[in-house]
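By letter and in written order, the chains are A, B, C and D; residue numbering begins at 1 in each of them.
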Amino acid sequence: MALTREQMAMRVARELEDGFYVNLGIGIPTLVANYVPEGIDVMLQSENGLLGMGRFPTEAEVDADMINAGKQTVTARPGAAIFDSAESFAMIRGGHVDLTVLGAFEVDQNGNIASWMVPGKLIKGMGGAMDLVAGAENIICTMTHASKHGESKLLESCNLPLTGAGCINRVLTDLAYLEIHDGAFHLKERAPGVSVEEIVEKTAGKLVVPDHVPEMTFE
Amino acid sequence: MAGFDKRVNSYEEAMAGIESGMTVVAGGFGLCGIPENLIAEIKRLGAKDLTVISNNCGVDGFGLGILLEDKQIRRIYASYVGENAMFEQQMLNDEIEVILTPQGTLAEKMRAGGAGIPAFYTATGYGTPIGDGKEVREFNGRHYILEEAFHADFAIVKGWKADRYGNVIYRDTAQNFNPLAATCGKITVVEVEEIVEPGELKPDQIHTPGIYVDRIIQGSFEKRIEKRTVREG
Amino acid sequence: MAGFDKRVNSYEEAMAGIESGMTVVAGGFGLCGIPENLIAEIKRLGAKDLTVISNNCGVDGFGLGILLEDKQIRRIYASYVGENAMFEQQMLNDEIEVILTPQGTLAEKMRAGGAGIPAFYTATGYGTPIGDGKEVREFNGRHYILEEAFHADFAIVKGWKADRYGNVIYRDTAQNFNPLAATCGKITVVEVEEIVEPGELKPDQIHTPGIYVDRIIQGSFEKRIEKRTVREG
Amino acid sequence: MALTREQMAMRVARELEDGFYVNLGIGIPTLVANYVPEGIDVMLQSENGLLGMGRFPTEAEVDADMINAGKQTVTARPGAAIFDSAESFAMIRGGHVDLTVLGAFEVDQNGNIASWMVPGKLIKGMGGAMDLVAGAENIICTMTHASKHGESKLLESCNLPLTGAGCINRVLTDLAYLEIHDGAFHLKERAPGVSVEEIVEKTAGKLVVPDHVPEMTFE
């Protein structure tokens, strides 16, 4: 069975380490915050200028001056820092964020990512995504493995205009967890009940499959 | 003390000198920390053919979105413009030119303009359409593209508190692009919620030193919220 | 919470890992806001052949000057080094290499290193010996030279207050190069006068966000004054 | 009579305008602060990170954390701002300082300035001088017109290594006030009792002398 959005978030959350500064993109990445493992503390960076994003506010706490990069009202946790956009991207561009999680339309075997525009469709902009992928050493892409029509999104070479070149090293899809290096996807784990054959079939890029591919487990 | 008293008494005075064809850089992220009254004054004054530098372009009927109603914006540098039906329409009709600029690059280009840095290299956008036509250079085995600084005729900025010398502090995430926009305008106009006496702001806690600021005005703000997200109290 | 508790219990722990041949960037201007105990610990640990990036090099017997006594500094990037007899001697003997760097360029190179900007253009130094061998480029009819970013193995920083997450504020003009040095070290060590609880520092008033900081230690400081200049009270 | 140091400072101070942000170098430039004309307020920028430098402290006010770029203990005036060195030079480099006053060894008819090193002598460094001359639109050099041996310091072309190229447009010497443009010094005023002939004799660079050269007056 393909992973649910929640399971994808749970799986990504296992990559968190105690003391990580983490930037979570919109969508599934945002859900990761709900599954931070016990005993681990991470600090969430929001690129509009907040390090140490807290919970959503109560009705009484809502403050128009306190939002996250998704423009949602949020709170700051004790020990948070707030700064301007140049400082925020200095952190990001300078490689100080330990882990970035973001969605993608396509990734390819060389670590290229396309996530911001589909030609012919209206282009709304890249926001901070290009800065994030160019700045982080450590990025996990979350995405569906293939389109609704079964077309692979893990490609030999991205078809869509890139968000960043050669910058993605890990991908979590609804079917598998993979690493990217040496010009290939390396299959590391598969979703519960998903066969290696299905993954092979739905991966258009070069895929390296080890003898044993462990199945993810969820409680 | 007249020399450093930057207070003006009306929004008309605050935006005096804005003309069609000018470049305006604006602070704000989404609808957070936007100079909403200064924008409204630009609408009232009717300057057209503007080039706007701002992370977003407001929403229909609020923020920079209101400048679309009379087609006052000819060109915009922004990282994300997708909250606005009128904007989409004008973009599709080619009535507005959009130069999409990565958010961090946008911020850094504002800072560079204020800081006398004409250009800098960044990895952001290398290998993407944003890098097309830009110089590529390798440093320590990695590729970077050259980005040039922004300069504007007017900077419009929303602060929290300021003294009459133009020293400004921002509140929470309403800071965002505001201190950067403040540095790169020929004329920098800051609207704030409160004007305090010189000395009330602690010198080492000031976000925007007065040297960047030409005009200060105290206003009242709607502070519209784009995505009110709450948890159970 | 262990993950973000950056406090260490001794200066030995604070400077653990410093080795001969490393590059150390230090905050401070003259003797103001210098990480005096971290410097003393480098002396005690005896690492040699260091490259130091700092606006000044202390005085005889205080600040970075004490690292000259055992010839621990092989190379220094600084804007002004003239307060120190031992320094002059070592410079004349060619025991220390001095790469004079304009003060603003020095600051900007630190910031660039922390911010992932590999290089930037500046007018500072164009047409002078500082520009020799550097790329010159014209923007809008003016000449600029290309300057590359600084990166250091260790950054040593003097703050005023910090929380255990490493969020730091500086006091008055003891700020100077400290927040910039803090961004460009692989390991950034900050010594402060007081460690407070997370939440005690107002988030939008923090000068150095904890993400840049690896180790925090509370110390006591001599704060020597170089030029005590007073008026009649 | 050649101007005294105090008279030089007084003359420079007449160039101040109400509301000017001013950076004063070490030496004679520092003295300018003592002669700010009545009714005019200027804000002094000190490049170590202080805008709004105040008086020297009393014995009781002395604070090691509050110094100026000359490393002297100072105070901040009400409404001062304090910031880091990158911000300080952003102001300077970005052209936000209205007037910079600094000393020089030599200037030439093309606005070049040499002020930081004499080959063969020990080099102590340029501090912020190169940034200041490259950043300000408006610079006044204060210097003696000629050396003790009578050698002109206003040259056709600087002999010493430059601090900045083509950036000086005004010079106040102990003998004269001059402007530099179009490849020449333009004599504007002379010190009381100093003859045009003496100035001509002591100016090695191209000098344009108008029919009438007013004499400076000091109360």
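Here is the rule we use: contacts are C-beta pairs under 8 Å (C-beta built on N, C-alpha and C of every residue); 3 or more make two chains touch, one makes a residue touch a chain.
Quantities reported herein were computed from a predicted structural model and do not represent experimental measurements.
Taking each chain's centre as the average of its CA atoms, subunit B and subunit D sit 35 Å apart. The mean-CA centres of subunit A and subunit B are about 29 angstrom from one another, to the nearest whole unit.
Centroid to centroid, with C-alpha atoms defining each point, subunit B and subunit C lie 32 Å apart.
Separation between the centroids of subunit A and subunit D, computed from CA atoms only, is 55 Å. Of all residues in subunit A, those touching 2 or more other chains are 50, 76, 82-83, 86, 89, 92-93, 135, listed in ascending order.
Those residues of subunit C in touch with two or more other chains are numbered 108, 111, 115-117, 122-123, 170-172, 175, 203-204. Because contacts link the chains in a way that matches no line, ring, star or complete pattern, their graph is best described as other. A complete list of chain pairs in contact reads A-B, A-C, B-C, B-D, C-D.
Listing the residues of subunit C that touch subunit A in their complex gives 1-4, 111, 113-117, 163-165, 167, 183, 197-199, 203-204, 206, 209-212. On subunit B, the positions that touch subunit C within their shared complex are 108, 112, 115-123, 137, 139-140, 142, 144, 148, 169-172, 175, 203-205.
Per the touch definition, subunit A reaches subunit B in the complex via residues 46-50, 55-74, 76, 82-86, 88-89, 92-93, 112, 117, 122-131, 134-135, 161-166.
Considering their complex, residues 17-21, 40-43, 45, 50-52, 76, 78-83, 86-87, 89-97, 134-135 of subunit D touch subunit B.
For subunit C in complex with subunit D, the touching residues are 29-33, 55, 78-82, 88, 91-92, 98, 100, 102-108, 110-111, 122-130, 143, 160, 170-180, 207, 223-233.
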